[in-house]
Structure formats: structure tokens, C-alpha cells
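What follows are several structures.
Presented sequentially are two complexes of chain A, the first with chain B as partner and the second with chain C.
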Partner chain A sequence: MTAASTSLSRRSAPRRRPPPNWFKRHERLVFAVAGVVAFALIWEVGSRLGVINELFFSRPSAIARAGFEEVQLPRFWVDFQASATEFSVGYVIAIVSAIPLGLAAGWYRRLQYTLDPWLNFLNSLPRVALLPILIIWFGLGVESKIAVVFLGAFFSIIIPTIQGVKTTDRRLLDVANSFGASRARVFLTVVGPATVPFIITGLRLGVARALIGVVTGELFAATTGLGVMISRASASFQTDRLLFGVLIFTFTGILGVEAIRRVENYFQRWRPAKQGA
Partner chain B sequence: MTDTQIALDARAVQFYYEDPTTHERLLAIEKMDLEINVGEFVSIVGPSGCGKSTFLKIVNGLLPTYDGEISVLEPDHGRAHAMVFQDSALFPWYSIVSNVAYGLTCQGVPKKEAHARAMPFIEMVGLTGFETKYPYQLSGGMQQRANLARALTVDPEILLMDEPFAALDAQTRELMQAELLRIWHQAQKTVLFITHQIDEAIYLSDRVIVMSARPGRILADIRVDLPRPRELKIKRSPAFVALTDQIWSLITPQLHDDAPATGVAS
Partner chain C sequence: MAAQTVPLKRTAHPNPKTGFWPRPNERVVFGLLGFVLVLGTWELVSSSEYGLGLVKRVLLSSPTLILDAAITDISSGAIWPHIIESGKEYVFGFGAALVTGIPLGLAIGWFRRLNYVLDPWLSAIYATPTVALIPLIILIFGIDLGAKIVVVWLEAIFVITVSTTTGVKAADAKYHDIAESFRASNWTVFRTVTLPASVPYILTGVRLGTGRALVGVVVSEFLAANAGIGFYIALNGSFFSSARVFFGIILLGALGITLGELVRVVEKRFDRWRPAIS
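After this line comes the complex of A and B, so read on.
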């Protein structure tokens, strides 16, 4: 113990913070990657030590090797292309139809009244239940899967879009009207911007629904596609190959959500920056 | 002034709100007569829910289904009236200059020109340097300045102001009151100002209209003969205090009347 001192402890002025170093700036990424690496390491070591059953769970190095072999097979690229087509065509058709229709239905009350029963009916129906009939209509090829993807994404986008138009701030509409804005201008300057966050939410939800559509559609009945590759691998107990297929879907989902986040940041510059986003 | 012109003439204005589902009708204001001269600053005070905002919206053309008659002076330039909204109501997705220029773009003025014409008003309200900021980056008082500039930009004959300072803290409010008088003087507008603060009404106005609880009627039309320009300390002068007491004694019985003003007092 130091000798008791009656003098006031001196507090130095807060030091100016040094500019954040590389580690500080990439903190988020560093910790995220570290977590994944640690997980993969434990898995790999556990599997090599025999604690984790390799037959059921494979191991990271085996998945990587399987992936490396897969991408050299022409068959893989045929599957990949089929899935990519189903996803992108279905999703894009959903976007270009759901956004305009949603905006219109939110704006014209009577159109919404007309659409409401259909939206409610089709949205509460599990889309997978429609697969058998879609296959009768569109066959085993990509078309039936495009239809499933479309159905999944369409409702995820149109419902929030309608919601967004309808919940536009009454006060802001009053402002526009009081300045004599035309209907078209009210729509473009008030309703549109107010609905953007809702559309973004729909797009994000739509990515997940579209991917579910691809996987379920292909697992249920298809001749090509990554889902087919997964079920083939499953049938022959090639866990590594199977998990490689799953990883591709996962990454597509992550990339899609990230792309949407960029779109969101662009459209929402007028929002206060979110903490830790 | 000898050749006084009438800026606003409301006769027997009455308004019902109708519930869209039950079709019940609620009488919001009853037989209001009000005449305002060009260049006058007139305030309306009254208990919350008495129909002040409703009256302003009627004058502004937002509630077209009223009974009675309203005539406004149609100026040979600019618009008849523009509204300064309660809690600013700026478009959060537009920069300050785009917000201020909004009225002009509604009239078909090209964006570039509209922005250029908005600049003097941004300067008038003291927001120079904030043109490219978004509303969330401004304090409440600054947002109200932008709100005021937005209305001034369309060169209205009458400025309609709906409790524009109600959400501000006491100091900012006093500052904004003094600012408003300065701008009123500079821009030479007729102002119809709504508030539930009696001292604010007296400090700013040439006349204070006192309204009853719902259904709103005019109880009194009180002339404020305090000299201008007014400094804030005038609020402590005996004449000011006497006026405050007079208006208080008119409003107090109204506060006990009726059920507490229900629902939205927007």
C-alpha cells in the first residue's frame, strides 16, 4: 500500500484517440471470420480424431476437395446453370410484376379490394403444395421451378409494397396536397420514397423464399439442378458432395442479401446511420 | 392604413367530420366568421381539440366539404396561401433545399431554378450552409425554420401556421417567436397563426381570436395594441399581463366544459 495521500488525484485530459488501426476498422469481419474458422477447425480435428462421425458429417477438407472435383465436371455446370436460371428468372419476374402491381394496389383502393382475396388465399397456401400441379402444367424442366420461385418471391414482395403505400404518412400527403401537387407528383415524391423501405424488406424476404423454391422444387422432381445433385449425393452417401451443394445455396443467399443491402444504403441515404450496421 | 384590403373573409364556416364506417357526424366548428386584413397578424387560441387545425385546413383547401363561404384574396403573383405545418412535416428523403423548393416544383418550376429561388428564403430563416443536409440532421428549431421557408418560397398572400413552435423547448420557442416577427416584417405577409399558448398569441399578433371548446365557435376577437417592433421583455409589461388575464378568463371555463378533447389533436 502506498502512503495515504490527501492530495486530489490528478486526472489528465483525455488523450486524443489514435486513428483506428486495421484491426479496429475491420473488427466485425475479423470476429466473424474467426468464429467460422474456429468452427471449421474443431470440426476438422474432431473428425480426424474420430470424435465426429465422418460418414454422417464429413469434414471441411473433404467438402473442399469434393467441391474442387465437382467444379471440374461438366455435369456440375449444367446443374448450376439450371438452378441459377430458375432462381434469377423467377425472382426477376416476381420483382417486375410485384412492385408495380403492389404500388398500384396500394394507390387504387378498388384494385386492392379486387386482389385481396387472391393474395390472402395464395399467400396462406403453402407453395410446396402447388408443386405437383405445377409439374403437370410446366413439366420436369426449369419452367416448373421458375413458377415455384416466382410464387414464393411474388407474395413476399407485393404484400409489404401494398402496406408501404397505404401507411404513407398522412401529414406528408397533406403537405404535398397543400402545395397543389398533382396526383402523379404526390405518388412520385411522397408515396414512392415512403414505400422504398417496405419494398426492400420484401426483396430481402423474397430472396429466401426464392431459394426455398429452387431447392424444394428440385428435390421434389427435376432432372437437373443443384437440388438434384444434392439428392444424388445423398442417395450415394457422399456427405461431402451433399454439403458442398448446400453451401452453394447458402452463399447465394448471403450474396443476395448483401446486394440488397447495397441497394438499401443507396436509397436510404436520408436515414440516420444505423449503429453497428 | 386607409385602403385596407381583405385577405381572408370566412362567413358562417361550419364543418363536420364523418366517421367512414359508422357515418356518425362530429361537429368540429360551428358558424365561424372571420375577416383578416392584408398584412395583419392574427392568432387563434383555444383549448386542444376545439377545431383550430380544422379551420386552418379548410382555409388551406385540404377539407373541401365545409359549409359556409370563404373568400381569399387572389394575388397577381404567388399563391393565395401556404401552410407551415405542425411538427415540421419535412420530407425526410429530401435535402433541405429540395424541401424548401418543393412548392415551386409542384408548380412546374424546373428543379434547378426552384433551388435557386429557394436560396434567399433559406437565408432569410437563417439556414445558410444547411442546404444539402437531410431533415434528421437538423434540430427541431431548425426544422421549423425550413418548414417556414418552404411556405414562404411560393410567395403566399397568407401564411397559415399551425402551432409551429409547440414541439420546441421554451428557449427555442421564444427565439423563434422573435425570428418570426422579423421575417413577417421582412416578407410582408398576412399571417393566420394557431397556438394554444396565450402569451405567444399576444406577443405575435395584431388580433387574438379566442375559440370555445368543441364545437369551436369564436368567443372573442381581441385587439392587441402593443407597439411594434416588440421585444421579448414586453411579455412582462402590465398591458401584456392584463391581456393575458383577459384571455385566460375567457378560456378557463372552456377547459372544464365538455369531455377532454378526444383523440387526435393534430
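After this line comes the complex of A and C, so read on.
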């Protein structure tokens, strides 16, 4: 299967000759690594020489040290756990509610028309703006953050899902109809698989939205969580700790997107590689 | 060109044009139904003078109470300084994101090696919820207008840049080849092939950016401000004045929809010359 698809994609790019030397072959990696190393060096040296204000921008070695110290503190793990809970519970609730509702709204036209004004309104609204009212409803604890994470991810998932159902290739629907497939059968065998890429796009957007929810919720009003750790560090001018906290969110974001890319590849296995560009 | 694809779309699917509901109005009818249903239920369970009082006023407010609060704050003029403050942050921050993000995206898409150098950084920042940097930005820039402009800029620039870069790279290789066969200079290729081809992508980035910028406005005003719509929402939240919180939220939603639609109009205008691609 994989062999077939690679040969197909090879054929689609016939003009590329194998690059001549090592540098050309690894150009991308070389430039990326050089860029990262140069930036870190300038930052570190500039900070040590006093060209870059250490109080505001810290330096790579200080961030590494702060991170090393931080992970040995029990409080860090309490914060970490709180953030992880908020993220995962809110995101999972969003998935299990947004996908079925999105499929239904895409399938039943009138349901979509009924939901449309609210979906449009809430999707255009920065959902973090709902935090104050969510805090009145759910309090300062984990629950209000779960709610804001849920809202952030829910709309990012449901909207592409609806779109996916609606943009199913008409030819495929016609073929299924011509062969007398029942509605349920059309939904399961044509619409469902066609919607998967859209759902995954939604999941990917949802990760980013959910993380924004976690951070904003915790910066705004919370007692535990990595956002609280960031605002604590900022209040005491510990820029190194602050940036370590930010880095954790960066890595979570990268990991989340990468994980979803794997899921995407898994679901795309059956698809023949696209020809042309 | 466009004429070729239209009949393809039309022939598909049994499409009942005549029925109990005339089709063009169906969307409006059901949309209004959903709208009225939610607002009606909300009013009914609330503790306003028309409601049954099932949920406390502090928790849920009600549509009529929100309308009252809106009328009070608009006629007394209390809301205007907040709208103006948020407007300033938005205009300057988003404007800065446009004038920096688009050229940066074009450059990254055009110069392969610049792309290689900046790619790890862009991916990393793109994956970071940049709101996490707001405390640091407040440390550096204080709590004035400047800090919010930086936050809005930071929130909006990366979607614009990444989308622009994609657009430059997605310009059809065939057109490049043709231009090169006719010995077009690099600059001519850029101006006549790459730039027009990336306009739709740039506009998509801009549209996404309008939403992100609004997030920047709200969050930075939540965290440190003395004016702005976000501040208005947070302040009234701490007074448990739910009606005003909802009024602020509705203002933001209206703003978000308006800005998004505005970009969509521009998108449509720029898409006109484009042949339909199935």
C-alpha cells in the first residue's frame, strides 16, 4: 500500500534530479539549525554583555536552569496537572459533542439553518470574552477553565465538520443514489469518510483554541495551573521562569498538532496519492 | 471558464425546488426560529419581569435586562470611551500586523533559504498560544496603549505571514515555467505571477487575523487595563453585573462578524478575475 502510494507521488514530481552534494541535500536542515543556533548565541551573548536587558528578556541558559529547578518543585507538578486536566477534559467534551452535532447539522439542512445564527455569532466572538460570565457560573476552580476550553475547541471543530458533510463530492452521492443506497448507507459509506479530513482540520484548529483557553483562563483568574505559574513569575520579575512556562505551552502545541497529523495520516492511508500539484 | 463548472453543480442531486417551504426563505425562517427559540427560552427561565424566575438574575440575566443595560450605557455615553480605546488598539495593532506580516510572508515564500532559517521559529510561535506572552509584554511595555498594540500585533501577524507564505509557494508551477520560458526577470515573475496568485491566500490570512487580533484586544484588556470593551466585561463581571457582561460580549461578537464580513467582501472582489477551479 505504502509502496504504491510513494511510487505514485514520485511520478508526480519527475523533474527533480537528486541534489549533487551533501550540503544541497541537507540544505533545509543546515539553515534551520544555523538559524536556531545563531539566534540562541546572540541572545545569550547579548544578554551577558548587557546589550539585551536580562531583566526583560532573560537568556537561554537561565531559562534552562529555571526549567531544571522548576521541575523539581512539587508545586510545578500540581500546576501542570491542573492545566493538563483542564485541557484534556475540555477538549474531549468538545470532540464528543461537536462531531455528532456537526454531522447532524450538515446532514439535516433545517437543523443547520436553525443553529446557524448562533454558530456564526459565537464563532466570530473571541470565546475567551465569555470568561467573566463562566467564572460567575462555575467559580474560580478547574470547572470554569474546562468550560472555556470546551467553548474554544467546540466551534473550531463543529464548523469544519458541517462544511465537510456539505461539500461531499456530488458525483459520489449520485453514484450511491443511482445504485439505490439507503440514506443511512450513503451517510455511513460516502459522507462519513469524506468528512474525516474536515473533522481533522477542526481538531487541529481546536488544539490551538483549547490552549488559548487554558492560558487565558489561568492568567485571568485561577488558583493553580501553568498560567498561574506564568503570572506569578511575571509579578516577581522572574522572566526565566515565565519563559519556561511559555515554552511548555509551545511544546504542548507542537505535540498536539503532530499527534493529530499522525491521526490524519492514519485515516488517509486508503486514499491514493494525489497526482499533480 | 466559469460557465463550464456551473451546469456540473446544477445537475447533481434530487433537489426539491417546490415544497411546503419555499426554498429561498427556508434558511431565513429556520434561522429566525433558532434565534427566537433561544432568546425566548432564556427570557422565560430568567428572573426578569417577563420570566418565571427559575435562574437567578446574577447568573443568567435575560435578553430584556441586557437590552436595558445596553440602552442605559449607550445613552449615558459610558460605553463610548471603552469602544474608542479598543478601537485604537485594534486599528494600530492590526495595521502593524498587516504592514509587517504580508511583506514578511512574501519574503519567506520567495527566498527559499530565508524560509529554511525562519521555519522552526514560525512553527514554534505558531503552535504557542501567544496570549501566554502577555505578562511578559506587560512587564516590558507597561499597561498603556503600547502594550496592547504589541499584543494585538503579535496575535495577528503569524496567521497573516503563514498564509501569505503558503500563497507564494502555491502559485502554480506551470505559470512560473511559462514566465521563465519567455525569459521574464525574477522581479517580473514576482509581480505578475506570484503576487496575484497569492492574493486569495493573503486575504484568508487577513480574515483569520481579524479574529486573532480581537482575541488579543480582549485578553490584554482582561489582564491589565483601565478602559476598553474587555475591561468593561471584566469589570462588570467582578461586580456580578451579568447584563453588562453580556452587552460587552454582544458588542465583541458584532465587531467580530462585521470585520470578518468586511474582509469577505474584499475577498469576493479579488476573486472575480479568477477562473473557477473545481
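Points worth noting:
In the analysis below, the second predicted complex is superposed on the first by the 235 of 277 C-alpha atoms of A that agree within 3 Å, B and C clash if a C-alpha of one lies under 4 Å from a C-alpha of the other, contacts with A are read in each partner's own complex, and residues count from 1 in each chain.
As a convention for this text, a residue touches a chain if its C-beta (ideal position, glycine included) is under 8 Å from a C-beta of that chain, and two chains touch if they have at least 3 such contacts.
Every value quoted in this text rests on a predicted model; they were computed, and no experiment measured them.
Counted by residues of chain A touched, the larger count belongs to C, out of chain B and chain C. When both complexes are overlaid on chain A, the residue A:Thr239 reaches chain C alone and has no touch with chain B. When the two complexes are overlaid on their common chain A, residue A:Pro193 makes contact with chain B while staying clear of chain C.
In the superposition on chain A, contact of A:Leu219 is made with chain C only, not with chain B.
Shared-chain residue A:Phe80: touches no atom of chain B or chain C. By the touch criterion defined above, A:Arg185 reaches chain B but does not reach chain C. Applying the stated contact rule after C-alpha superposition, one finds that A:Phe155 touches neither chain B nor chain C. In the superposition on chain A, A:Tyr113 contacts chain C only, with no contact to chain B.
When the shared chain is aligned, no partner comes close enough to touch A:Tyr91: not chain B, not chain C. Of the two partner chains placed by the overlay, chain B and chain C both lie in contact with A:Asp174. Across the superposed pair, chain B and chain C both touch chain A at residues 171, 174, 177. Within the complex, the chain A residues that touch chain C are 27-28, 30-32, 34-36, 39, 56, 109-110, 113-118, 120-122, 124-126, 128-133, 135-137, 170-171, 173-174, 177, 208, 211-212, 214-216, 219-220, 227, 230-231, 233-234, 237, 239, 242-243, 245-246, 249-250, 253-254, 256-257, 277. Put simply, chain B touches chain A in their complex at residues 57, 60-62, 79, 82-83, 85-87, 89, 91-94, 102-103, 105-107, 134-136, 154, 266.
Taken together, the chain C residues at the contact with chain A in this complex read 8-9, 12-14, 26-27, 29-31, 33-35, 37-38, 58-59, 113, 116-121, 123-129, 131-136, 138-140, 172-173, 211, 214-215, 217-219, 222-223, 230, 233-234, 236-238, 240, 242, 245-246, 248-249, 252-253, 256-257, 260.
Only residues 169, 171-172, 174-182, 185, 189-190, 193-194, 269-272 of chain A touch chain B when the two sit together in their complex.
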